[in-house]
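Below you'll find the structure I mean.
Chain naming follows the written order as A, B, C and D, and within any one chain the residues start at number 1.
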Amino acid sequence: MKALMYTKPAKMDGFTVLEPGVCELMDIPEPELKPEEGMKIRIDYTAMCATDAHVVTMGLYGAPCPQILGHETMGTIVEITESGEDAGFEVGDKVVVNGSAPCGCCDQCKRGNDNACYNKIFGQVFKMSGAFTEYVTAYPQQCFRIPDDPPVDPKYYCLTEPLATAMEGIDLADIKIGNSVLLQGCGAIGSIILNMLVLRGCTSITVSDPVPEKRETARKLGAQYLIDPTTENLEERAMEITDFRGYDIIFDVAGVPSAAPLLPDLLAYRGKLVYFAVFPMDYKLPLSLYDLYLKEGRIQTVYTSFYNIPRSMDLLPRMDLDTIVTKEMKLSDGVEIFNEFLRSKNNKIIVKCSDL
Amino acid sequence: MKALMYTKPAKMDGFTVLEPGVCELMDIPEPELKPEEGMKIRIDYTAMCATDAHVVTMGLYGAPCPQILGHETMGTIVEITESGEDAGFEVGDKVVVNGSAPCGCCDQCKRGNDNACYNKIFGQVFKMSGAFTEYVTAYPQQCFRIPDDPPVDPKYYCLTEPLATAMEGIDLADIKIGNSVLLQGCGAIGSIILNMLVLRGCTSITVSDPVPEKRETARKLGAQYLIDPTTENLEERAMEITDFRGYDIIFDVAGVPSAAPLLPDLLAYRGKLVYFAVFPMDYKLPLSLYDLYLKEGRIQTVYTSFYNIPRSMDLLPRMDLDTIVTKEMKLSDGVEIFNEFLRSKNNKIIVKCSDL
Amino acid sequence: MKALMYTKPAKMDGFTVLEPGVCELMDIPEPELKPEEGMKIRIDYTAMCATDAHVVTMGLYGAPCPQILGHETMGTIVEITESGEDAGFEVGDKVVVNGSAPCGCCDQCKRGNDNACYNKIFGQVFKMSGAFTEYVTAYPQQCFRIPDDPPVDPKYYCLTEPLATAMEGIDLADIKIGNSVLLQGCGAIGSIILNMLVLRGCTSITVSDPVPEKRETARKLGAQYLIDPTTENLEERAMEITDFRGYDIIFDVAGVPSAAPLLPDLLAYRGKLVYFAVFPMDYKLPLSLYDLYLKEGRIQTVYTSFYNIPRSMDLLPRMDLDTIVTKEMKLSDGVEIFNEFLRSKNNKIIVKCSDL
Amino acid sequence: MKALMYTKPAKMDGFTVLEPGVCELMDIPEPELKPEEGMKIRIDYTAMCATDAHVVTMGLYGAPCPQILGHETMGTIVEITESGEDAGFEVGDKVVVNGSAPCGCCDQCKRGNDNACYNKIFGQVFKMSGAFTEYVTAYPQQCFRIPDDPPVDPKYYCLTEPLATAMEGIDLADIKIGNSVLLQGCGAIGSIILNMLVLRGCTSITVSDPVPEKRETARKLGAQYLIDPTTENLEERAMEITDFRGYDIIFDVAGVPSAAPLLPDLLAYRGKLVYFAVFPMDYKLPLSLYDLYLKEGRIQTVYTSFYNIPRSMDLLPRMDLDTIVTKEMKLSDGVEIFNEFLRSKNNKIIVKCSDL
């Protein structure tokens, strides 16, 4: 079967990329379902995530190479074991497949800290080494049944994983209805977060992004103020829009070091600033604790939570998916999927992996 | 000037109404602005609230009689004192006027429990004895400036007070994005709460109301499931819609004793049930603590919070006000305003009180 | 081996007990460790819980009969399988053993609602049918390693389960430091909750209990006001102690229907009332929603959470265990353990189940 | 009357202190009670705060000079106006006097953001220019009656203001019972926070402070682990104490730039780090967002809240005040009060300002 694989790591000097890594469309053997696993799944759709790109371009997480890329996925069960059936699944079920699941046995799992599980290794423990391919095998713990006759096209369920991560940020931001909000960066995950901020009752919804296509997506999703930071003064505009109070809530999804330090200055009294993006491993934000103290501000970071997956699937039909997904491609497009992502004109790209 | 007044109290035997009270359109002298007050305000619009009706029909709160009715209001400053100017207001400003304000001196105020203020007497301390009239005088503490060039018709700011009360319920319900929700009763305040639940990212949004017009409003506001409890089995439908999990969040805005006891049975594990309505003073809900315990459920009631008013004004432009306001009347319509409300076909009725 | 067993169910007419059930000390075969389990454990100490008593006396939960009673327990691993070792355990480890564990596969588990797990059957899925005996077998998911050289006598770790349940109530009560508190009922679990309320920074700590021995325990644990409800007027005393504000937090751990309805009247503005006790299955609290609304009050019930267990073990050394445990008995005391509990003079009774 | 005054500002080059400011004990006229104020108060006790010292030594807040220092105070009403009586006070009442109060009229006050009040100027609006003196005049809004026959010596109520500020930090840290905690810096306010952390049910309570006297106070207040960062490796000890999980909660009260950057590394998964201290105005914390992201960590700063004052007075009797107050001095000690504070051997110094 075909698989889009990360085949050569980036050359790094410390944290500096000397030469980016390589990904290629390869032919690999189809996986066989083992008795201890639960099901074999034909991948229907997998979405492209910035993480996939950063693994290749800058060795993010020190992820092992080679591996199949892609972790935002949904498919159809084609083969099942007894443990899969015991968990209530059957052949033909459409499912969201998560790259991992908590072990349930370690100290962190027993504390409910699912995503700090000591034994969960991304894309490994549960044997799913990536979803830009045609078939994977999985455990019942990592599979989530898509309802029959879902209110949206089942392909969109491949966005469940980024929704769950965005949801973690939304939960941790502790937003009150009517809170003003600024979003810096409206790309792939940014557009999902924007959609949720709109759905979360925010006001003075402001999006700053240098890419015109992304500002246009933001407008469609309900942003009330659009800022091009390359031609406008973000600080002045922010103060004007918020009547000099600053924003109650700020999300940074850009992850651009040069744009990060201004944000604390734009917070309102008791405001909360969520640095959602994954910043470069060697970047240090210069943070004025005195200024933050005067406004009793908060800085929050966001990993993700496995436990958000079912709630994300519940939420999916309320999302504006047609606007968020700006391009649909095919697995056979191979490396062009990456290149299209890196051109930075799209929000979400989803990839059809099998003939349905 | 004209004023819609509560002129004769209901005859009661304990909590039983023998004969409802009376309201009438009267001619009364225009109030004079006193030096210790801040401003005289021409009332532009006042909205009709169930509380106004219940004061007359069943002596709610033991409210004093006679008094001018109406407490959801906005108008224009026509005269101002020095203290009004010191607080930043000027003649011509459009303002929301709240019926009261916390004193700032009592133990509850000093604890931030604004609405438990010992000295605040509804519509009295701050001398505004009701807003279904042409002019009132007020203190700066109870006035809130409407922005110049507001993004919605200024008349809609008369809905600020019910928005602030609904917002208190939304805050206290502690809703997570993606939570399923049931709303029982979609009348005046019910439609405002529904609008907020939609804006709060709820899912499986279900509305139960026996009045077809109100279900139609609910549909327009985004309800996904509509139930007529007179012809459908609410419990069966609720279980079917939620896949037998029950609802994460339930709001009762009906305040109908016969319909209240079923709701705890419809809650999901760790669900929260908000009895938002003002129930009859002598009604006791028969609550099974054992059943509630098995699902670790919560019951919440809601008063209101003065501190929500500015945030409600911020939120107003995101509300679907054209759908919520189903009728506009004039002060000269007098008692017919009450009668129209009591016919129960409308969501919010707003009343134009002055020639603008 | 010996086991204290529930051997004959209560005779019931609906919810009325005609004749209580029976428990007996029996000789039963020692369980054998199966390959799919993780470990065999010698029970060192098991604590007596009101739930054990209520299962026998009034058929609580419709629990199956016969079964071994007891579910608050700790012991020592005497035999282990590969899966037990993989999870980091070894022979000789002292462990807390929980009666069940979430399956990790069902919809509720995948939502993080551990205790709503569809497949967890108390004392069954994980094959531990009760801990008032000498040996049990268990799965790694339900075992929690006690630290080497713990700062308190290891026997006290048999109190982990009730601590985890009390902790769930403490978490859900959302207590702020300095909040005033009333505890109704200071028996077994009541004394644990009192200890936590003291540790949680509560003020005006008031305990109402008719039993002098329990009031004395309450005094030792830090209660500042003690009320005997059989001779004192609880409402008058509550208002006097709180300067007529009422209590910010109230816990009912008595579970006595006649004493439950007064409590909402004793709440402060925005107060939270936790009905922690398991009330009779057919009892309905008559709750005035109008009165609760005027104070914006909240009613919370409490089940428990598996995820609290490690945190409870962390907290254990800060608890006043010598005061909470008022009696130590031996498994060979048999039915007398139950009788002593039913005399209602003790807080916690712990039972030594093996010769250490 | 005598007053300890800030008479000469520090010489600064930007944020660098070239020469510290000066404070002196002066003779000044007794203030006269004006009709618009509420009461004249004889100051009984005022506590010394690091803020007082920093105003003098490094021009903190750009506070005006000259002014009377001191803002943590309690005294006795000696003269009263009608507005003071209307608010329920009388001559002879002992009261806590807060340096300011929210105006109740501005946008921030109307949002309940009491301490962001636009019109509140520290020690000015409410005319109390400092409390290291014999008499002040005040408004009812800033006075809080101490109960008759309080359970602790009334002098200790001069600690209400720092308790209210510490309480804000405790509230914002969102501590769960059983959470592990590290406190860096156990001086004046540090010892108050430590006392609250102990009262808040924390575990693995660890205090790092280079001063032996302060570690000794920490031990008396209940710290379980004491670290001297000048001779021990804080990171190694922290990991050892927390079994390599890190701390759930960390408070920095040292405010020492060189010691601040290590703290995020010591956080547990989902841990919360409270930078409570007021850091130098030009200091920037170098914060690794990537590392914080991996643990989903949070940074919180703390201003204070006026609304905490009554709750702090409620809590006072549960605090270990005899341990926190390590020295009592007299107003006539003058500048020596400052010098003693700057020697850094004490926790709280309280100063008797009048002959009682």
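Note that a residue touches a chain if its C-beta (ideal position, glycine included) is under 8 Å from a C-beta of that chain, and two chains touch if they have at least 3 such contacts.
In this text, all values refer to a predicted model and were calculated from it rather than measured experimentally.
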Interface residue identity across copies subunit B, subunit C - same or different by half: same
Tally the contacting C-beta pairs at the A-D interface and at the B-D interface, and name the larger one. A-D
How many angstrom lie between the centres of subunit B and subunit D, each centre taken as the mean Cα position? 41
Averaging C-alpha coordinates per chain, one finds the centres of subunit A and subunit D separated by a number of Å equal to 42
Interface hub residues of subunit A, defined as touching at least two other chains: 107, 311
Looking only at which chains touch which, which shape fits best: line, ring, star, complete or other? complete
Once bound in the complex, which stretches of subunit A touch subunit B? 167, 170-171, 176-180, 196, 199-201, 203-204, 311-312, 314-315, 317-318
Please give the residue numbers of subunit A that touch subunit C in the complex, ascending. 87-88, 101-102, 104-107, 110-112, 114, 140-141, 144, 305-307, 309-311
Subunit C residues within the subunit B interface of the complex: 107-108, 113, 115-116, 168, 172, 245, 260, 269-270, 275, 277-290, 292-303
